[in-house]
Amino acid sequence: MEKTDLSKHKAWLLLAPTSVLYVITFLIPLATLFILSFAKFESSVTTVGLYLDNYQKILSDGITLKIFFQTVKLSLIITLTCLILGYPVAMFMRNAGPRARLWILFFVVSPLLTSIIVRNVAWVLILGRSGMINDALISWGWISKPLPLMYNTFGVVLAVVHVYLSFMVLPLFAALNSINKSLEEAASSLGAKPLNVFLSVTLPLSLPGIMAGCTLVFILSMGVYLTPVIMGGNFVVTLPMLIEDAVRNRYNWPEASAMALLLLLAIAIMIIISSRLQRWVNR
Amino acid sequence: MVLISSLVLFFLTAPLVILVIQSFTNESYLSFPPPSYGVRWYGEVISSEDWQKATILSLIIAAIVTPLSLVFGTLVAFGLERGPRSGKQTLQAVMISPMVLPHIVLGLGLFKIALQFNIADSLWAFVPAHLTITIPFVIVTVGASLQTFNVTLEEAARSLGASRFWAVWYVTLPIIRPGLIAGAIFSFIISFDEFIITFFLATFQRTLPLEMFSTLMYQVKPSIAAVSALTLAVTAILTALLMFRGQVVGGGKIIK
Amino acid sequence: MSNIELKNLSKKYGAVSAVNGINLSIKPGEFVTLLGPSGCGKTTTLRMVAGFIRPTSGDLIIGDKNMIGVPPHRRKVGLVFQNYALFPHMTVKKNIEFGLKMQKDSPIDMAKKVAEILEVVKLSELSERMPSELSGGQQQRVALARALVIKPEVLLLDEPFGALDKKLRDHMRVELRDLQKKLNISTLFVTHDQDEALSMSDRIVVMNEGKICQIGKPTEIYEQPLSVFVASFMGLSNILSGKCVKVSKDRAIVETEGVLLEVERHELNPNDTVSVMIRPENIQITQVERGSSKAGYLGKIVSKIYLGSVVQYAVKLNNGPKILINGHNSKITNHPSFLVDNEVLLSLPSDAVYPILD
């Protein structure tokens, strides 16, 4: 039965405007970056060619690679934290009635639609040296000097988790929701205690959602620029910050492009690992 | 578990609530709780030329991006849903792929192109950039509505003399309106709140997020809390509109 | 009012032929049914007439115009879907008006025509209701009204009564037929239900695997099937394969599975292979009377199924095949002595046996 009776030509016509846009704003920029990453940058002059200078520099200058791995480490910490905090929320949502669920969803989704700046501002006001927490603790006499809650890994992780937690909760919820409750009921009727039911039935079956959520949060964390800048100052340096610095302060496009491609590579590897794991889990 | 969830949800929303409360301070510094309350900073922000310009720019961009994004994205959704079956999955993945790209890389690339064509720091750069990241959301939301739409309704309209276009106009679009509205709201909010790409593209012009950033880097004043609270109000209302019209299905629409 | 002609219409999907060379002429005002099992191509044919499927080859004439390449909205067809396809966001009135609006009728004309058709389908008081507030039968009538109000050249119905319960279905069949006759509109009706086809049609087109097996009046299709497929599709029957052994001027003797049956000769010649069809309701089942010379075939009852108004027997003829008999539940046919394992006599009037030359 021909339900989809739009001819190939007409269908393509509908996709054309967006495709043209994407070529201009997506493909060409990426291709340009790719080409530039192989260019040479010497005394403010960029020569296009096939030079591996940028990549060599990245691999050998000691700093870039170090910061790259720091970014990866940071992203992993963020992802893990999101998982630990997000799983209970997803479970809660799943077990809640429809009305409660909608409300929880509102609280989970609305941070997503709030400006990252706003959320970072909120955290600065709470964690800063003269922020809410330090103010309170000092005025209560619990501490005499402000606690370093910002400008370090702790502050960055806290704020980024706050920003991306929802991206973990939603896929988790979707996966949990698709688990048939009768499986868990069967397990408990066979004598399994609630913890065992969770470990042997719920958790394994929610693995696809866990992986989807972790992949998503990892990718987002690797590429986040703003929050580490605001919450980490110059004390926490990430790859995106290096990229920004290379371009806007040193006008070194080739180097920035190479680092951007490194970032994409890390993400691509993550996606491949994740899909391999997914396939292994579905065996 | 309920305890942890509640704490987490509290963690998610409390900072924003605290921010809003702090914005109503009458002092020239921020503290919680504020020693005195007032709308002094709101007044300052609303009357400040810088903030006005930034807000207007953000609104203009969002106002242009939203309808365009809706049209482009809906066309794609129709093309995918009504076109040939083979290759639909791959094609769909391709059309929403900008969603997966880190914005910093997108911003970098777009900046280079914009420089090349001398359109950086202008609407000619901002609008296409924002469109690239909003269209995938429209494709997903409108696409979801179209999937559950009963095609025979369109066929009935066509059998009654409506050309494909009019059938869609009079029958399909009104019925998938929830998906369209969701797509529009997503587009508006994403464009309005966008930071990093706009950061790369702009030099002298400032959108609201950019203005907030530069203020933040310069000095933490209560004005930033006031602006944040205002922006928060706008997006909170839009989100509530989105959700409590009963349009969000079980698992949320933001997942790919 | 005009002619509808399907000339050698075909639809291929790759190597598969969904519809293969359909030739059909629908006379003005005629009610033609496409009947067949699922997958036989009847719906594909209908959708080609409607314009939603492009034929791979062949011609389609509606009202003297060739419709090949013409999009659905420029054909004047009225389509009624199985799921009614009423626009959920419009009132009954607006639903019916839709086609008129596309025709750019003036508001006054629209109002008049809508009121008229609502009268005809007896739904005048419901014009401001939304489809979700109507019952299945009412929705069906709105769908009909919507298709008819634009005065189409042909009315196309795709298993429209499938979603209704039996009583409503029977009722709607009569209503639709009456309406169709009154408006004298050419109609192409698709169904897999032979009762429906038999009761409503001027002509039935039996289809199988994309081809037409037989076209004819209901009586012809039922009583004079041209193939074993048609015979067995149209209700229960006994179909026995055999050989013609003797002929006379207008009669012939067929030997089948051990018994000899007499049939009208038709075109049979000796030694022809032939299938014979005997409709279960045409066989008489009577008691065996010892010493009587009544003609017939002796056999034993193998099963007896009570179906209320009908009693169904399976009788194994002595040295012959098993025969199915449907008898009205009367004292004659439901005689107390007709029990399993009892002997009975089956008599066949000569025109009860119909030869099929496949």
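Brief remarks follow.
Every chain is named by a letter (A, B and C) in the order it is written, and numbering of its residues begins at 1.
By our rule, a residue touches a chain if its C-beta (ideal position, glycine included) is under 8 Å from a C-beta of that chain, and two chains touch if they have at least 3 such contacts.
On a predicted model such as this, the values are computed, not experimentally measured, just so you know.
Inter-chain contacts peak for the pair A-B. Chain centres computed from CA atoms place C at the largest separation from chain A. The most central chain, judged by the distance from its Cα centroid to the centroid of all protein Cα atoms shown, is B. Measuring from the averaged C-alpha position of chain B to that of chain C gives a distance of 57 Å.
Chain A and chain B, compared by their mean Cα positions, are separated by 18 Å. In this assembly, the C-alpha centroid of chain A lies 62 Å from the C-alpha centroid of chain C. Shared contact sites, meaning residues of chain B that touch two or more other chains, are absent. The residues of chain A that reach two or more other chains are 5, listed in rising order. Those residues of chain C in touch with two or more other chains are numbered 52. The touching residues of chain B, counted against chain A in their complex, run 1-2, 4-5, 8-9, 11-13, 15-16, 18-19, 22, 29-32, 71-73, 75-76, 78-85, 91, 95, 97-98, 100-106, 108-113, 128-129, 131-132, 135, 151, 186, 189, 192-193, 195-196, 199-200, 208-209, 212-213, 216, 220, 224-225, 228, 231-232, 235-236, 238-240, 243-244, 248, 250-252, 254-256. Residue ranges of chain C in contact with chain B, taken from their complex: 50-52, 71-74, 77-79, 81, 83, 85-89, 98-99, 102-103, 146-147, 150, 156. Residues 150, 152-153, 155-164, 166-167, 170-171, 174-175 of chain B are the ones touching chain C in the complex.
Listed in rising order, the residues of chain A touching chain B in the complex are 3-6, 8, 10-15, 17-19, 21-22, 24-26, 28-30, 32-33, 36, 85-86, 88-89, 91-92, 102, 104-126, 128, 130, 132, 135-136, 162, 165-167, 170-171, 173-174, 177, 212, 216, 219-220, 222-226, 230, 240, 243-244, 247-248, 253, 256-257, 260, 263-264, 267.
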